[in-house]
Structures are given as structure tokens and as C-alpha cells.
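All chains are identified by letter, namely A, B, C, D, E, F and G, in their written order; residue positions are counted from 1 within each chain.
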Amino acid sequence: MIFMAQRPLDVLNRALGSSVLVGLKGGREFRGKLSGFDMHINLVLEETDELQGHEAVKRYGTMVIRGDSVIFISPAE
Amino acid sequence: MIFMAQRPLDVLNRALGSSVLVGLKGGREFRGKLSGFDMHINLVLEETDELQGHEAVKRYGTMVIRGDSVIFISPAE
Amino acid sequence: MIFMAQRPLDVLNRALGSSVLVGLKGGREFRGKLSGFDMHINLVLEETDELQGHEAVKRYGTMVIRGDSVIFISPAE
Amino acid sequence: MIFMAQRPLDVLNRALGSSVLVGLKGGREFRGKLSGFDMHINLVLEETDELQGHEAVKRYGTMVIRGDSVIFISPAE
Amino acid sequence: MIFMAQRPLDVLNRALGSSVLVGLKGGREFRGKLSGFDMHINLVLEETDELQGHEAVKRYGTMVIRGDSVIFISPAE
Amino acid sequence: MIFMAQRPLDVLNRALGSSVLVGLKGGREFRGKLSGFDMHINLVLEETDELQGHEAVKRYGTMVIRGDSVIFISPAE
Amino acid sequence: MIFMAQRPLDVLNRALGSSVLVGLKGGREFRGKLSGFDMHINLVLEETDELQGHEAVKRYGTMVIRGDSVIFISPAE
């Protein structure tokens, strides 16, 4: 099998230091600066805001998110 | 056992660079260009739209989707 | 332990090329021609229809279904 | 530890060829002739009926059930 | 680490041949004679009754219960 | 990485023989004397009461709880 | 792959001895002093309060939380 493709963890690696949107199981969404992750897709965000729709409703600062709860990660463009 | 068959990951490999529809647990659906995946069926989509019915309701750009949340991937034809 | 029995993956192997009904967690059902699978019971269907009751409500074409979402696979007879 | 006991898979082995009732997560129940299983408790049933209460509401024929969805298997007596 | 303690599987072992109450995810409860188990806490019960409150509402006979569905097992005293 | 810290299983070990409160997925709570556990955080409680709010609503005696169902364990102080 | 980044477990390590907010699946939130964790992100909190919104509604003392239930951990700043 040839992967003419970018691997999921490479995309996360390129997003380090940038703002990402993270969607969780159950529908909660957080936006913050991706400052770390591991192979389980556990994430570290800085300056994290919880979003409802497009609005920030709570500020958390640093946050470790367990990969098991993550549905998607979308880097800001 | 003889697999007279195409393997699931081979189907994803052939879909690289094409538009795919991705159905998630809980019912959310995304459409985007498949630009990568790994053996856990973690996916990378580009120009990703979230769909409700046949309508695009939100544009995300690049998105990493955890395989654990995926129900199905259907390549456009 | 003697298995006087057919193994689950053998049943899938014999169903290759035939129409199967696939029931998913959460209640969605798809019917399509089984064209591949792997040991995780990830499936490849062709000419896939989503069913509600006995009615096809949406046509998807090729579809990769993650085994983790599958409740049952029933070959047409 | 001494198991003065019958192992779960041995009970399934003795039930091969007999009618079993299978209860799934979410509450669906199927009855059919157990014609195979594997160590993940993936099951093969023949002449499978879906039950609601004591009534058969749908006939499926051969069915592969993923062990992950199974709550219990009860052999007919 | 010193376990001045009884191990969970030892408790099940001592309960073999005795009546146990089994609580499942989703709230169903069964009572029966524990006649076997394995290290995944898959269970074999005999003369199994499904309970609602303190009342037996259905008799199942022999039942194999997948450990993955089990919340607790409580031996009768 | 230096763990200037107590490990979760050490805390359980110190709680052996003492009363603990156990919170389960789905919201049920049990209180009993912790008499054993294993590395999967399967637990053995003695003189177990099910609680609703602060009130004991049912007495179970010995209970094996599968770690997979456990959210938290809090030793009495 | 180069991780120009802090690893999730390192963030937890630096938070030892400090107050953290822990969000669980199902929405419950606890605040306490992080006094230990392991690689499964099982946590030990001291002086743990359950929160509803910003209000402490119940005091638990020491609490072991299974990592499997954790969505996020956010150190106080």
C-alpha cells in the first residue's frame, strides 16, 4: 500500500503553535493553541476557550484533552 | 481463507485525493477531499464541509477525524 | 474445544459478491454487495442503499464501514 | 485458582446446532440456531428471527453477530 | 505493592455453585447460580431469572453473559 | 518524568479495609468496605450499600464491581 | 516526526500539587489538588469538590478517578 498522503499525526505536528478547533463526543467544542499531543491523540491546548456555536463561553487556560474523547481536530487556516 | 476481495484500507487508498462522505457516531456527516489516513482509520480531510441532509452548513478546511468516531466512509463516484 | 461449526469470518467470505444487510449500532441499516472485509469486520459494500424498514432511502455507492459500528451482517438468501 | 466450573466458551460449544436466544446492547433480541462462534463471541446464527417480547417480528436467515454487541446468549432447554 | 486483600476473581471462584445477582449496563439484573466464568468476567449462570426490583419476571435457564456488559456481581449470603 | 506523587493504585491499597464511595457510569453510587482490587480497578466491596443522595437504599453484602464501570473511588476520611 | 511540544503527561506532571479542574464524560466536573496520576491518566485528587457551574456542591476528600472517564484536565493558573 502506498500512502500518497499526509498522515493524521503529521497534520497535528504541523499545527503545533497554531489555533485549532477540537470537537468532542457529546458535542462540546474547544478552541485553543495546540502546544502538544501524543500518539493516542491526547492533546495539550493553551488559552483554551469552550465554544457554543461561534461564541466563546468559558476560558480554561491550559487543558489536557484525552484522545479517546476527540472526534476531530481542525487547524485554523 | 481466500479474500477474493478488496480490503477496506485499499478502498481508502484509491480514494485519496477524491471527495468522500464520512458518517460519524451520533449522526454528524462531513464531506471533504481525503488527503490521508492511517491504519486506525484516522482520516485527514481537506476543504471539509459539515452536512445536514444534502446541505453544507459549516466549512472547516483541514480536519483530522479520529477513526474511533467513524461509522462509514463513502467515496464520491 | 472442537468447533463443529462455521466460523464467523468464513460466513463473510462465502458472502463475498452477494447482497448483505448490515445493522449498525444506533439502528441504521445498509444493504449492499459485500466486496471486501478484514479481520476487524471492517466491510466494503458496493451499490449501498440505506434502508428504513424495507425501503431504500439513500444510495451511497461504495462504502467502507468500520467493524466497530457493526451489530450484524446478514447475507441475502 | 481452581475452576470447578464450566467455561463460557464450552457452554457455547455444547449449544452448537441448538436454538439460542441472543440479547444485544440496546435491547434487540434474536433467536436462531447457533452454527458457529469464535473467541471474541462473534456468533453465526441460522434461521434467525428478531423477537419483540415472545413474538418473531422479522426473519433474517443466516446472521453474523459481532460479539461486541452481545449481552447474553441463552441456549434453549 | 502488597495486596492484603482478596482478588476479584477469587471472590467469583468462591461463589461458584451459589446464587449471584448480576447487574448489567443499562440496568437489567439477573439472578442465577454461578456455574462458570473466565478472566474477562464472562459468566455462566444456571436457572437464571431476570429481575425487576425484587421480582423475577422471566426465566432463562442457562445463560452466558459477556463480561463487557457486567457492572457488578453480588453473591447471595 | 519524575512522579512526585502517589500512584492511583497505591491510594486504593491504603484504603483496603476502609469504607469507600464508588461512583459508576450512569450515576449509580455504592458505599462499602474495600476488601480487594486488581490492576483493572475491578473492586471487591463488603457490606455494600447502594446510595441515592446520602441515603442507603439497598444492601448487597459482598460485591465485585468491574473496573470498566467505575468513574471514581473516594475513601472515607 | 519532531515534537516541538510539551507532552500531555508532562503537563500533568507539572500540575502535581496544584489545583486542577477535571471534566468527565456525562458532564460531571471535579476540582481538587492533583496528587498523582499514571499513564492511563487515572488521577488522584485531594480536597476534591464536585462542581455545578462555578459552585462546589459536594466535598469528597481524596478521590481516584479512572482515566477512561476523563475528558479533560485543566490546571488552575
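Descriptive notes on the structure:
Here, a contact is a pair of C-beta atoms (placed from the backbone, for glycine too) under 8 Å apart; a residue touches a chain by one contact, two chains touch by 3 or more.
Since the model is a prediction, treat every value here as computed from it, not as a measurement.
Contact with both subunit B and subunit F is made by no chain of the assembly. Listed by label, the chains that touch subunit D and also subunit G number zero. Rounded to a whole number, the gap between the C-alpha centres of subunit A and subunit F is 33 angstrom.
In terms of their C-alpha centroids, the spacing between subunit A and subunit B amounts to 18 Å. Annotation for subunit B: residues touching 2 or more other chains are 9-10, 25, 68.
Traversing the ring of touching chains from subunit D and stepping first to subunit E, the chains occur in the order D, E, F, G, A, B, C.
In the complex of the two chains, the subunit A residues touching subunit G come out as 9-10, 13, 16-17, 24-26, 28, 30, 34-38, 42-44, 48, 60-66, 68-69. Those residues of subunit E that touch subunit F in the complex are listed here as 1-12, 21, 25, 27, 41, 67-68, 70-77.
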